[in-house]
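Both complexes below contain subunit A, partnered by subunit B and then by subunit C.
== the complex of A and B ==
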């Protein structure tokens, strides 16, 4: 059941795409809302058990060898976050429907939103560190897409990129931290890790691990100094901001701190790192928020500041501080979501977000203004609203911490009050500057009340602010209790969720903050002048400079290594091999072994002579390209004969087919080159290359000599000979290795082949410049396509196909197999194109090679999946004997289907490449495919 | 008797191989070399058939069949290129 909570949105992400494309906006909204509601309903359905204090768990093994499992847990913390994610998600879905313009693709938006929601749910529910990280990265990715939703805007793209860079870099640190943590705790399962708190904290690796994990959490939660990405992420559509920066994305970091609280917290290092970062972030961002003129910018910095507050509370490590922190997570999510939405309404209605122009909107949109002002008051911490309660608890904790002594003394409550003053001041600015303070200045349009559905989500959220603020114990009390319990990992000390605790220090601090904030806002002009002179530093410039430096450095490195000269690459490659070989040989050892050489017969010697001759001639005449190709054909043929002579028929067959395909391919490519090549390098360079070549040749000869004079190591061969028939159902070891023992490699190679074919297609699309040469003279059809050739090629096709089928079918037991059969088929087909009219042949054969290779690849994957379906590892082959009349006994193995896949891939890819290269020639005759 | 014939044939084939090698080297024109390569293929076929007879194994005949078939395709492609300057039209 638990699995589905996260899975429903992840899978459901496809629905709005489908609905949006076909049905229109409203269907899109309803499907998305239904998907979200389903997750929410599941959560609520499971929640009574969680309220009873039970931790629900579910697990499916995924890669148990790596410690990665689909394990989920639903405890108080997960439930709280789950409810926030789905609940606010629902409101955002409704809001976005009316916020986004007609021209925006709603289906794509909802799909991304659901993807993100599923990732968030998976993250909060995960009971496995690696799984958690997986979902964590998925939130980074999907939020990147969401922030960059208006991808035609440069600021959206930059903001998205920055968010991704910062959070993904943090994710890498987090991965390292998790690996360390899992190593220390002995398991990646959270249930185990959470119980291993003492072991972890006493481990010498604790500081490094903690810092890595904190890097991940701080980047995600936009803590100082990684906060700068968040304000730039405001380029996202407002529904995205409302969702990402209230309840979800940025809360992931504090969620992680809360999640790992029992393992990591309550050490000095934790206190100073987490508490210190939180405090700095709280102060700095509250200060910076006041100077933002952009409405969403103000909210962005206030978000950072509030995240700093939560981080600080978690850093204080006392159970009550945790309660306050968790409480503030809820409150902040609620009031910040409503504030973002209200800001979105204002932006939507006026077309402007600049607070220097937005003035006196109250009389145009009184109802929205009231809602926004209530939410802003909650943000400032005004009594009777939810923000007041958690802020009061926060003040109480700082006082408590100071009273308990320690090094911080009274600085902490003092700084907390200062932060409170700033927070009140920017909230006051949000209220006063936007809704009062004179008349609007040069607005694109004068606002009026938005459509009721655009406002409805804000109303709901503000109502929650009020309800929680007035009757906390009856509304969020139980949820807060179980969430905080699961963070602390034990029973909570008594605390009271009341508005009135009597006259005490926290109340004084609250009042001071309210009065001080009001005063500060009143004196804002003086402050703004100050702020203009000493603007708060912007991390963006620094970030971009660092990024550019990195890019420039990598570019220099790449250009230094990869300058486009193939000779140079080869020289480097061979040079390194030489150095390595010489270094190896330096350590001594006998070159010649004790195995006597086999006797030499005259014919083999003759063939070797021919081989040397043809190879030498190829080298000598390599600039006359056609001649070189002919000579290479000779070299290949002799190699084939050598393979036959030394009894490796599989190799011989492969070599033969590859040889001919290569000849055809080279001839096709020759068309693009001038017929005679010019020397490409300076004489000195050629001398160097010749030296390298000779040295490498000597090295290879020495190696071969050493190998030939030593006895074979038969263990591996014996193993394969002994196991291939019983294990793979085939007597042809080579084939069984390809389709069974190393089937996974073959799958990879087939994929590479397909990619190469597609890559060549892509590269050659749009034509390729041909060297100018005299066009073939106009000739008769007879001379162009000789009758003898045309007629001769046709029976050849049938004959070759028959042979290919034969080779293919027997391949599992005797030399042959899908690869060779595929090459032969491709050659037979190519001959048809060679012999006749290209266009006519294409029409006659009517084969879609791209589909052929795609189908082949799918078939290979499918056979693998079938074995997985029966509970065996991927690509396990099964086989059985069968008897057919006429054909006799033969084996039916699932490897056969696999081999068929290889066959199809080879035919498709080779034909695709040959035709693609050959097409340009045909196009000259007015033929376009 | 058969043994003698086979040995003789092997010797003659060796000479033929040498001669085709010479033709490949000497040329002088491209068609000469293509012909030499084709002859090389033919010699290889003959060689394999002979080896099959010598060792009384059918496996070599099969290899000969493949070389004959594929050698033809290679020759066709080369000829076509020399004649027309392109393979497909």
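== the complex of A and C ==
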């Protein structure tokens, strides 16, 4: 059931796309709302158990080997966040319907919103660190898309990119931190990790791990110095700001801090890092907020400041500070979402967000103004509103910490009060500047009250502000209690949720903040002048500069490495391989093993000398192309001899046929590649290449020597030799391995062959280079296709085909098989094309080679499927023996059908490749396909 | 015998690498072919050198050459052919597109074909 809470929005994200395209706006609103409501209903349905203190869990294995599982947990904290996400989500969906203009694609917006919602729900419900991270990254991605929703606007794109860069970089740090944490705790399951608090905190890796995880949390929650992305993310449509940048996504960071609180918190390092960052962020952003002229900019900085407050509370680590922190998470989400929505209404109605122009709107939109002012008062911490309560608890905690002494200074309550003053001042600015303070200046249009549905979400949220503010214990009390309990990981100390705690220090601080804030706002002109002279630093410029530096550096590296020269790539590649080989050899060990070695016989020595000669000449004369091809063929033939000498008749047969086909191919290509009679490279370059080549040769020779002088582990060979007859029904073990034991590999290789043939067809279709030299003179038919060749080729075809059939049939027992028979057949066919007129031969043979290889591949797959049909694994073979005159004893096996498939693929592919080149030759002679 | 084979494989590698590093497509194709020989021989050699004992069962012997490297090399030969062919097709297409058979990253056009 838990799985569905997150899954419904993720899958439901497709619905508005479908509905938006076809049905119009209202249908997509209702589907989106229905999907969200379904998740919310599920949460509510499950919530009574959670209120009883039970932690619901669900578990589906995914990649248990990696410790990655679909495990979910619903405890107090997850429930709180789940309700915020779905509840505020519903309101935002309604709001967006009336906020977005007709021309905006509502379906896409809702799809992205649901995607984000599902990711967020998955994150808060995840009971596995890796799963949590997965959803965490998904929120980054979907928020990128949402911020950039108006993708035609440059600021939207830049803002989205910056948000993604910062949060994704944090996500990477978080991944590293999670891996460390999972390693230390011995599991990625949160249930295990949360119980391993002591182990983790005493581990030497704790500081590094903590910093990595905090990097992730701080970037996401826009903590100083990573806060700068949030103001620029205000380019998003206001519903997105209200949802992501007040209630949900930016809370993911503090959620993570709360989630891992039992494991990580309550150390000095945690106190200084988390508390310190929170305090700096709280003060800095509150100060900066005052100087924003953009309505949403003010709200963004105020959000950063409030997030800093929550972080600071979690950093203080006492259970009551946690209660205050969680309480403020709720309150901030409620009043800030409503403020964003109100700002959106003003923007929507006036077309302007500049507070220097927006003045005196109260008389135009009194009802909206009242709502916004109430929410802003909650932000400032005015009594009877929810913000007052959590702020009061915050002040109380700072006083408590100061009184407890220790490392905490009396500075803390003082700074808290200063932050409170700023907070009151910017709230006052929001209220006074926008709704009073004279008349509007040059607004695009004068506002009216918005449609009731646009305002309704604000009304709901402000009502919650009031309800919570007046009767906290009856409204939010139980939820707060279970959420804080699951953060602390144990029973909470007694506390009272009430407005009135008597005259005490926190009340004094609140009053000071209110009065000080009012005074500060009153004296704002002086402050603004100060602010203009010393503007709060903008991280954007720094970020852009860093980004540009990074891009320039990577570009230089890429251009240095990738200059389009194959020579350089190969030289680098071989150089790196050499370095790796030398590094491996450096670690010591004997090169020569202790295997006794047989002496060299004369014949082998002669063959080797011949090979040295032909190879050397190929290298020397590689610019004389025809000679080089012939010499290369010579090298190939000696390799064939080596195969025969070393007991591999199958290889010798294959190499021999391939050698012929390759030579034909190279000869065909010769006409189209210019000869380079001049040596193309500088002597120094040749020297360098020769050095590399010799080193590579020495390396390979040493490797071969080291291998050959050591005894072989015989198990694998013995297994195949022993099971070839009883298991595969063939005496030719190489062939049995190919068509039976490792049939799946062969299927893959046949596929590669087909792909190569098709690739060559694609490459040479419609793009053939001009020949280097056209035929020097007109030749007679007799001269081009000598009679003897023409006449001889035809019976040769029959003979070769017969031989191929023989080689094919005996392949399972004696050297031969589909590969070799296929190559032989291809050769026989190629001879026909060489001996006769291309057009005539094509007409006579009338073979579609593309179909041939396709059929072969299908046959291979089909053989495999048949065995699967009988309940055996894919490509299991079955066989029986038969006897034919002349051919002798051979067996009929399903492997035979397999080998036939291989045969067809080889014939088809080789002919396709040869004809592709040959056809061009023929076309040049006036032949049309 | 082992030293001889090791030396031969080393030489083939040297020749292959040297030709691979030349600046024209045809040389690269030659180099690749030579390197394929080296690799195939190397793979076979890793099954150790066995004289006159092909892995064909029932020929009255009890000791056979290792069939596994042979099976690997057999497909490697065929794939190697496909690779060479693909390389040549690529070379032809490149010459069609750029008018050159150089792979050194310098944009040049070779002299026009003879009339």
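Heads up, the rule we're going with is that the second predicted complex is superposed on the first by the 571 of 929 C-alpha atoms of A that agree within 3 Å, B and C clash if a C-alpha of one lies under 4 Å from a C-alpha of the other, contacts with A are read in each partner's own complex, and residues count from 1 in each chain.
Going forward, a residue touches a chain if its C-beta (ideal position, glycine included) is under 8 Å from a C-beta of that chain, and two chains touch if they have at least 3 such contacts.
What you see is a predicted model; the values in this text were computed from it and never measured.
Counting residues of subunit A touched by each partner, subunit B versus subunit C, the larger count belongs to C.
In the superposition on chain A, A:649 makes contact with both subunit B and subunit C. Residue contacts after overlaying the shared chain place A:833 against subunit B, while subunit C stays out of touching range.
With both structures placed on the common chain, the touch criterion links A:634 to subunit B but leaves subunit C unconnected.
Of the two partner chains, subunit B is the only one touched by A:918; subunit C is not.
When the two complexes are overlaid on their common chain A, residue A:800 makes contact with subunit B while staying clear of subunit C. The intersection of subunit A residues touching subunit B with those touching subunit C, taken from the two complexes, comprises 649, 670, 773. Across the complex, subunit A meets subunit B through its residues 602-603, 606-607, 609-610, 613-614, 617, 626-627, 629-631, 633-634, 637, 640-641, 644, 649, 652-653, 656-657, 659-660, 663-664, 667-668, 670-671, 773, 776, 784, 789, 793, 796, 799-800, 803, 824, 827-828, 830-831, 833-835, 837-838, 915, 918-919, 921-922, 925.
Touching subunit A in their complex are the following residues of subunit C: 1-30, 33-34, 37-38, 40-42, 44-58, 64-68, 70-71, 73-75, 77-86, 88-93, 95-97, 99, 101-106, 110-111, 113-114. By the touch criterion given at the top, residues 563-568, 570-571, 574, 597-601, 604-605, 608, 611-612, 615-616, 618-619, 622-623, 625, 628, 632, 635-636, 639, 642-643, 645-651, 654-655, 658, 661-662, 665-666, 669-670, 672-674, 676, 680-681, 689-690, 692-694, 696-705, 707-709, 712, 714, 716-717, 720-721, 724-725, 731-734, 737-738, 742, 745-746, 749, 752-753, 756-757, 759-760, 763-764, 767-774, 813-815, 819, 823, 906, 909-910, 913, 916-917 of subunit A touch subunit C in their complex. Residues 10, 13-14, 17-18, 21, 24-25, 27, 30, 33-34, 36-37, 40-41, 44, 47-48, 59-60, 63, 65-67, 69-74, 76-78, 80-82, 84-89 of subunit B are the ones that touch subunit A when the two sit in their complex.
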